[in-house]
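In what comes next, chain A is part of two complexes: it sits with chain B in the first one and with chain C in the second one.
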Partner chain A sequence: MFEGLSQNLVFGILVGSLYGLAAMGLSMIFGVTKLLNVAHGELIMFGGYACFWAFSLLDIDPFLTIPLAMLALFLIGAVLYSLIFSRTIKLPDESKVKNSLLVAFGLSVILQNLALRFWTADERGVTPAYYQTSFTALEVRFPLVRLASFAVALIFLIALRLFLKNTYTGKAIRATVQNWEAASLMGIDIHKVYLLSFSIGAALAGVAGTLVVTNYSIQPAMGLGWTMKALIVMVLGGLGSIPGTFIGGLILGVTESATSFFINSNYREVAGLILFVLVLIFRPQGLFGTKES
Partner chain B sequence: MLSIDTIAVFYKELQAIWDVSLDVNDGEIVALVGPNGAGKTTILRVISGLIQPSAGKISFQGQNISHVPPHKIVELGLSQVPESGKIFTGMSVLENLELGAYVARARKDRSASLARVFEIFPRLAERRNQLAGTLSGGERQMLAIGRALMSEPRLLMLDEPSFGLAPILVEHMFETIRKINQQGLTILLVEQNVQASLELAHRAYLLENGRIVGEGKGKELLSFESVRSAYLA
Partner chain C sequence: MSTKQIIYLALIAVILVGLALFPFMTQDDSTFNLVILVFLYMTLASSWNILGGYTGQTNLGHAAFFGAGSLATRLLWVGGFPAVPSILAGGVIAVALALAIGIPAFKLKGVYFAIGTLALALILNITIGNVFPEMSYNPAISDYQIVPRYYLFLGLTVITIAAAYFLVNSRWGLGMMAVREGEEAAESLGISALRHKLLALAASAFFAGLAGSAFAYYHVSYYLNMPFGPEWTFDPMMMAYIGGTGTVIGPIIGSIFFVGLKQLLVWNVGEYHLIIFGVLFILIVLFLPGGLVEAWKKYQRWFTRWYQRRNTSPRNVIGTGHLP
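For the complex of A and B:
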């Protein structure tokens, strides 16, 4: 019983880090631009396909495809923002959330169908040589792929935080979030800030996609499920806190695996949604969110 | 240096500014005074490019800036301390000042600018690592001005820098403005503190209901009967 439980907890945390990474990009975009990009799951899918094709055609290690997936999704994000989302950016916050949600929903259908058309409905996964490798410590098994994915998620969490805290561009992004008018009076081109933030958020989805295809599998219809997870985690962690988002991911991962352990794995998704509703009722700013930004 | 030529400004269908013309010459302190809701802030916002004039023309150093975006206007050397400061409360004093020097032209001199700002406002130096949101009202206003100075402006616009300050601090604030002007910075000052700003300014404009209703040397305007009865009674 005890080993089973700790094994379960470890798996929950490892999976949760992936949820955290999946939500980080969504949260970055929403936090800066107030655009709710519900096509985030499709961006994750594209990252997954980038990894899959680079692995199967060029024989590149899935973890080494990360820069490629990032770059591809950064560019896709920049194009989507410039062509579509920049048109809703000037609306007042409330209608911006609603309009972007509708636009992104339409976009998700288009992206899904594009993937279906080009890459068929086949489920794809990557299995590098070390796929079955795992370590055992204290009678708990740690699969290498999952551990490496956890490390990747953690690295991107830290990198994003350092970028926002310490670089001039990161400070410009934070200033724009706090007060876009004062930011533009500093000489910051806020439209560039929005474009960059959207593209960074998409690039993070690309990274998450490489981990999804390495740990699980991908197919064109996967997007909605991942958007839901990212949304739950974003609300759970709270806005304006990147570490909060990551921890929100861990909480969702552990909740899901605890549900499978104690109740039944059929209920794991439901547990996440219940958690989501509870947080919305009792702590709408999220567990780690601040009301101010 | 700055020339505004018969501009009109609307908020949706509501007109806020009618046919306003105004000039600021090199080295001057020009005051723009008027009662609440006269349109003073609107004029500064339109100069900074935050809103667009629907008629008329604004030029700065000979260049038409009527439809130039705000960040490019700062790059040209025209900065603003907005109403109530609008400092970045979630960042440290130092980060606020660094952001003041965001434009490429100012960024390379930022350590020299920082030293200068700390000389003008020693209080900011003491509190450089403090979160800006925890500063007092007077310190916030100092930070807002220091942040604008970091951009190395040629013309600085201040929107009610004395608002909410204790009388002794107001005096100190006006003294500071005089000092930075004497160091060569041209100033456009929006104020409700009519007496003090007319004494400080070389020239002044009187704004009411979105129109300029008076103009003259600062001290001359002070003796206008209408000004006296309206503001100094």
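For the complex of A and C:
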């Protein structure tokens, strides 16, 4: 019983880091541009397919495909932003969120059907040679792929934080978040900031996609499920807070694994969604967010 | 009554008579199925429009009501109840669900309401799938007849559209639109936003639930959680937007357009209608928030102006010889 529980807890944390990473891009985009890109799950899916292609056609190790997936999704993000989302950026906040949500729903329908066209409805996965390898410590099993994914998620969390704190571009992004009018008066090209933030968010979805395809499998209809996970995590962690997002991911992962352990694994997504609705109603600023004045 | 209104009423009467006589003109099952699909989408899109279009609350959980109605009806009807009370029970259950989730859900504003309702529908979708994992079969498949189902859907569609029309032209409808335009302003004029939203939600859910009931009576075999699927929210929502939200005719046009496009493209190039529909939806949200209805009005205005300009331009006037 106890071993099963601790094994479950460890798996929950390892999976949770992946949820955190999946939400990081969404949170980055929402935090900076106030665009709610609910096609985020589809971007994750495209990252997964990029990894799948590189692995199955060029025989590249899935973890080495991360830069490739990032680059591909960065470009896709830039195109999507300039073609579509930039047209909603000047609206007042409330209608901006709503219109971007609607537009992103249309986009998710398009991307889903494009994926169906390119890769068919089959489930795709990536299984490198070390897929079965795992370590055992204190009678708890740590699969290598999951551990590596955890490390990747942690690396990107720290890298994003350092980028936002220390680089000139990162400071420009934070300035725009705080007050875009003042930022633009200080000579920051806020449209470039928006474009860049959106593309970085999409690139992070690409990273998450490579991890999803190595840990699970992908198929064209997966988008909404992952969008919901990212939304849940973002709301749990407080909107736009990057470390909060990571912790939110861990909470969701542990909630899901606890539900599988104590109730039934069929209800693990329901538990996450119920948590989400409760937080929305009772603590809309997130578990770690501070109340806006 | 003005001449214009009389023309409209005559037009509606002709269409209704045509639709009522439709079963005498064809025996082809696939034609019936196609028209029933249009009716189903019209009911869903029109009922979504009551809350989403007129009251301004983007409901992404419409499938929950459709699903609840279909589940109640299917269980009762397959369990041996007569069809009509089972179908009415579907609508009632959907309203009960709406009122149960309405109060907490309307604590959420704007986009939070949208994603909150989406989450609620997904919760029901997964849970019903877990509770009823098996396919539901029609028990009386041997004497299945399509014509009564056709009339059921026709009646439901007409009632839904008429109810939407009378609701939005009533005092309550004006209140709903006031809430959409500005909740605080409406409240300051003594309009209770919560009450109007709840009424719109209940009406919207009632007709969506009845659509689900009709679906349960019509469909031969399906998984019971299938009507809870998110596509039953997104497709009608896109139809309402493409036709024109906040108008009675918009969802009707959108549904015909959606099914027509689907048929056309399935015949010609495969499964592309959703891609094209998605592109169109994005374009309409970005550039033409009033949908095809607004496009038509703009065209009419432009045409009238062009016509007037042509008839009053100096060259034409001189040619008539009527100058003073």
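Here is the rule we go by: the second predicted complex is superposed on the first by the 290 of 293 C-alpha atoms of A that agree within 3 Å, B and C clash if a C-alpha of one lies under 4 Å from a C-alpha of the other, contacts with A are read in each partner's own complex, and residues count from 1 in each chain.
One rule holds for everything that comes next: a contact is a pair of C-beta atoms (placed from the backbone, for glycine too) under 8 Å apart; a residue touches a chain by one contact, two chains touch by 3 or more.
Quick caveat: nothing in here was measured; it's all calculated off a predicted structure.
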Record, for the superposition on chain A, whether partners chain B and chain C clash or fit.
fit
Superposed model, angle subtended at chain A by chain C and chain B (C-alpha, nearest 10 degrees):
90
Counting only touches as set out at the top, which of chain B and chain C does A:280 meet: first, second, both, neither?
second
Can A:88 be said to touch chain B (first), chain C (second), both, or neither?
second
Where does A:66 make contact in the superposed view: on chain B (first), on chain C (second), on both, or on neither?
neither
Of chain B and chain C, the chain that contacts the larger number of chain A residues
C
After the superposition on A, what does A:188 contact: first (chain B), second (chain C), both or neither?
first
Report for A:231: first if it touches chain B alone, second if chain C alone, otherwise both or neither.
second
In whole Å, how close do chain B and chain C get at the C-alpha level once superposed?
18
Help me check something: in the complex, which residues belonging to chain B touch chain A?
48-50, 69-71, 74-75, 79-80, 82, 86-91, 95, 98-100, 102-103, 106-107, 147-148, 151
Within the complex, which stretch of chain A touches chain C?
36, 84, 87-88, 94, 97-99, 101-103, 105-107, 109-110, 112-114, 116-117, 224, 228, 231-232, 264, 266-267, 269-270, 273-274, 276-277, 280-281, 284
Seen from chain A, its contact residues with chain B in the complex are 168, 171-172, 174-175, 178-179, 181-190, 292-293
Along chain C, where are the residues that touch chain A in the complex?
58, 104, 107-108, 110-112, 114-116, 118-120, 122-123, 126-127, 130, 230, 234, 237-238, 241, 271-272, 274-275, 277-279, 281-282, 285-286
